[in-house]
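A, B, C and D are the chain letters, set down in written order, and residue numbers restart from 1 in every chain.
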Amino acid sequence: MVVEMKTNVTPGQVAEVLDHARQLGLSTVLSTGSERTLLGIVNTTADDRMTASFQSLGGVASVFLVRHPYQFVSSDSSVTSTRVRVNDRTIFGGNEIVICAGPCSVESEEQIRATAAAVAGAGASVLRGGAFKPRTSPYSFQGLGADGLNLLRSAADEHGLALVTEVLSVKDVDLVATYADILQVGARNMHNFSLLSELGVVKKPILLKRGISATIDEWLMAAEYIMAAGNHDIILCERGIRSFDAKTRNVLDLAAIPLLRNLTHLPVIVDPSHGTGVRSAVTPMSLAAIAAGADGLIVEVHPEPKNALSDGEQSLYFDQFVQLVSKCSSVAEAVGRKVSEAPHYVLQ
Amino acid sequence: MVVEMKTNVTPGQVAEVLDHARQLGLSTVLSTGSERTLLGIVNTTADDRMTASFQSLGGVASVFLVRHPYQFVSSDSSVTSTRVRVNDRTIFGGNEIVICAGPCSVESEEQIRATAAAVAGAGASVLRGGAFKPRTSPYSFQGLGADGLNLLRSAADEHGLALVTEVLSVKDVDLVATYADILQVGARNMHNFSLLSELGVVKKPILLKRGISATIDEWLMAAEYIMAAGNHDIILCERGIRSFDAKTRNVLDLAAIPLLRNLTHLPVIVDPSHGTGVRSAVTPMSLAAIAAGADGLIVEVHPEPKNALSDGEQSLYFDQFVQLVSKCSSVAEAVGRKVSEAPHYVLQ
Amino acid sequence: MVVEMKTNVTPGQVAEVLDHARQLGLSTVLSTGSERTLLGIVNTTADDRMTASFQSLGGVASVFLVRHPYQFVSSDSSVTSTRVRVNDRTIFGGNEIVICAGPCSVESEEQIRATAAAVAGAGASVLRGGAFKPRTSPYSFQGLGADGLNLLRSAADEHGLALVTEVLSVKDVDLVATYADILQVGARNMHNFSLLSELGVVKKPILLKRGISATIDEWLMAAEYIMAAGNHDIILCERGIRSFDAKTRNVLDLAAIPLLRNLTHLPVIVDPSHGTGVRSAVTPMSLAAIAAGADGLIVEVHPEPKNALSDGEQSLYFDQFVQLVSKCSSVAEAVGRKVSEAPHYVLQ
Amino acid sequence: MVVEMKTNVTPGQVAEVLDHARQLGLSTVLSTGSERTLLGIVNTTADDRMTASFQSLGGVASVFLVRHPYQFVSSDSSVTSTRVRVNDRTIFGGNEIVICAGPCSVESEEQIRATAAAVAGAGASVLRGGAFKPRTSPYSFQGLGADGLNLLRSAADEHGLALVTEVLSVKDVDLVATYADILQVGARNMHNFSLLSELGVVKKPILLKRGISATIDEWLMAAEYIMAAGNHDIILCERGIRSFDAKTRNVLDLAAIPLLRNLTHLPVIVDPSHGTGVRSAVTPMSLAAIAAGADGLIVEVHPEPKNALSDGEQSLYFDQFVQLVSKCSSVAEAVGRKVSEAPHYVLQ
């Protein structure tokens, strides 16, 4: 059961609701986001009488019965889909489809500035790029770290783009949050519960990638860790799951999109680059993701994919990305949506 | 290496080419389809001199170097995509997207007639339905057998639909071929090599479903079994692969579509019903399949899904199928294609 | 519910039981094996009154309540474990562990005679070897066919070995049954239901390999197809399942052994050769299988693994197999069992 | 290439070797463990001349050519297997098999004291138990934290047991290292590279569990992160991988044991409890693990499995654990090893 408090709720009213739950012997979790204050009643099968008893308390807006263990992220706990607002022009979860693009890793000022210009020109709204890279081998390129964050921020600002970048460790959360508009949790960290809890107290949206072999339920539970700690602005990102055929890096599970529509109120985007690992499959899978109902894409683009320090074989050339956005616009229109207008286009 | 003979090749010319190969110590496979006569040179790395020596023989149209072990189905062995012609109006692999629809199993005359009417009216070109059903349990409904084939044929004819139905056993091949326009090999039989070889001598198109956990290469090898035996009219069908999350029956691997485009000249369709096992995911995955480049769909539709003897939970209601076709038309147009016009529409 | 008839039951008594079931509106399956006559009551939740009503009929020995959909193979339907008798000396499912060994394929008289001598000398009781080979590629070696069967039989007889070999197709069942003591269903055919049903009427034991990605339940259902058709002598063989790590050909799921012990009365053996695909892992996994409770092993052994026409990289050298049997004997003793004495040893 | 320095190497000699590498344009990683000082030359194909040039420098003991990207953990970089010494009586990687046992989570003083007494009495050498628990749901029991560590330490000391417990977060490393003899990295954190690096500077052995769907190579790379940072005392733990059959929690991949024997010099133990999730499979899989060559086991044991706060369905009862150790001793003897004598036995 989730109790949503009114926007103008007072601390006293919240205390009264908590007290009411305690008297009923119920455990509670208070989750105060930027727009909603929610009270979760854990592990309880509520009946009508209990619901009514909460509904009648001061400051209570609504009481939701929830069928799932992930109560805050469950679609049962919100009458509307969540719109994650990054800035005035970029909102995930509305009718507009948001495209994030950029290199796997920021490698140099020249590389990231050129890419930011290209993806903004083509119609992306958000710049992606890694400064802290999770690499299977300790000897692979690990990213430029703090310097990389600075380069990313400058390149994004130059073109009016928002910035999404990955945070790998609890100790880097504050640093990354200083530079990024959206903090990404990578697939390898989806089960890093201490990192998730830490991100629950950050005041920026979180892009939560699906774990390498996470079930949909485990993924939503990971989101629940963040939301229970108070951060309601979560964007889910399907990025492929591990399977048996080495022809692709992962199997992109696009059916996750309609499934998540029924299970959660959070927006869902797709990463066709990691999801396939094959350049020629990136555009078809981007179109498929939009046709299936995705709220956005996150795509790897690089000035010279063949010389990329990581993920070159799945990165698009600039002209391929221009084509991708153009085709995405057509498919978006066919399903009654549109690609979010790039800031670049707006400014000129 | 694949040698394509001219359309008007004489038996003597074929013999001469075979003899030339034998003199070079090469093993050969002769595959005579309805439109092309192909000679495969197995397990050989050909060089330019060898290629030229074949090219210069009488009756030879072209010589193709092939990188893959599946030489006849490889995209290397044909300059054009294969168009599998079912009848005058229904061709898989052209610009038009073909929609097959119908119940999992034919259960009664009333059920199949009603469904055929509904799917034809909505825009399908091919009726699907099982008369011989592969069931995990020997105690589950196994289909109506020969009676079912008769009911399917009548229902298809009544509405000008082509008919696709599964053949389970070598001993049923002739019977099924008498009734069906397209013979389906189910996922459980993709590795039934004796059935595949038998279907290589049938003069009807084969719909070859991907095995439950078959790699792309294994799937193309299964198609090679059919084509090497002389049947060139093969339609590949992605139907989901087995994975770890019980939320869906299978994981629909749509990236197989762009991968197959590069690897083979054969058309590819998608089964979103088995591919997800979840009714609410069928339409989104159908749209995604078309956006990704699929040449067609095969969808389960039932008059009363709740009372279906098999697969009810993934079958669409009639009105949902009408919506599906309409949305598919929009997405098809967005990617420069169109849904094949249903015969019903043509006739009226 | 399974009704076991007395050994001396008359046809009239069976008819009476069937009639009783019909009057109660119950579907039945009659399965007459060489030792037991069983009547399965399908899809029914029986209560005590119903059980008693069957128990009181003439010719009825016992009535079993069965929790599983695979009723005949369920451990609920038999008070003892099934002992599959191949000949006087070779019985699967008793206290003795049976070792089957031989090449992947029979390639020549010399090869199979040398191997039969070696494995008999080392302590194997059963010769394995393929005459009909299921190969992913139509261009790979497909086996010697009928000639191979003849070579296998002679080599087995020369050393007093029983013979197990694979049957690929319904049309080969009679031929293979003429030569083999045990008919093997390969992993790729576990879901070939027409083949399974055909093997249900054969009067020889069946070795049923687990499908490439079959669940335990699907595997037991496949066994049920055979047993429902009247063949009660089924040996299950765990041979590895498909997974994501290319380091091994398959993942050998040894936990299947204790699980099957609880679920079925049928004996279970293990194929460590296909189960790993790595020669150096074959002996450790053989020992592990016996420690986990396996009733036998089936191991690939070849005179010259490097020159084998198939599966060379997973075949043992003769001296490695001698070591394997010796170590297996020690582990068998540690778990209170013993390796079945080879006929060769007995004769000399 | 790995350069091993002599035991009595001086800082100046190390500097000289590093300088030599720099002059050759080579990147280096210096890993100083408690027993060995190793210098890794990254991403280089060394030839004999280069090897000799390092071999001739002062303080160099040996130079190893390494075929794998995980150079320090590769079996190529050590002539002997690593023996991880926990205390005088408990060493992983020698001839003796070490058994770790205890509850999933420490729940109360009574529970952990009773369990420690029972497992020590039965023959375990190491107490296991979680104080910080990684739970899929934020609402599941998360462990007793620091209080739990204290209870675990006391219980272990009371019976002369060593203690292994999980560390979930970088910020808890120091705390856990104060109490534990061995720090465990759980499956969900195998890809938490910041945690791995942090554990590289801890002066206690690390138990590194395989990730939920990690390949063998990824697992060894994770170990390389720890070893490259200076901690050479790593115990690998196979705990099952994710697969498609819900009958078991995971598929226990025992073939990993012989594979790892060839790839690494590190000891390998097995967790049959998480590896199957099924109580009745724990003992058979323990025996199988030892037969396959495992250096130890880590087993869940609980006074009252039915009332356990976590993992009850896979925990053994005390008497079952007594049986397990007894049977393990027999199988260990059959493969020429023995179960490490429990301290309890020694003291009495």
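By our rule, a contact is a pair of C-beta atoms (placed from the backbone, for glycine too) under 8 Å apart; a residue touches a chain by one contact, two chains touch by 3 or more.
Only a predicted model underlies this, so the values are computations on that prediction, with no experimental measurement involved.
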| item | value |
| --- | --- |
| Between B-D and A-D, the pair with more C-beta contacts | A-D |
| Chain A-chain D separation of Cα centroids, rounded to whole Å | 35 |
| Between chain B and chain D, centroid-to-centroid distance (C-alpha), Å | 50 |
| Chain D, residues touching no fewer than two other chains | 213, 217, 242-244, 246 |
| Touch-based graph of the chains, sorted into line, ring, star, complete or other | complete |
| Chain D - residues contacting chain A, complex | 27, 29, 42-43, 69-70, 134-139, 168-172, 188-189, 191-194, 197, 211-213, 217-218, 221, 224-225, 228, 242 |
| Sites on chain A touched by chain C in the complex | 242-244, 246 |
| Of all residues in chain C, those that touch chain D in their complex | 213, 215-217, 241, 243-248, 251-255, 257-259, 262, 275-276, 278, 280-281, 284-285, 287-293, 327, 330-331, 333-335 |
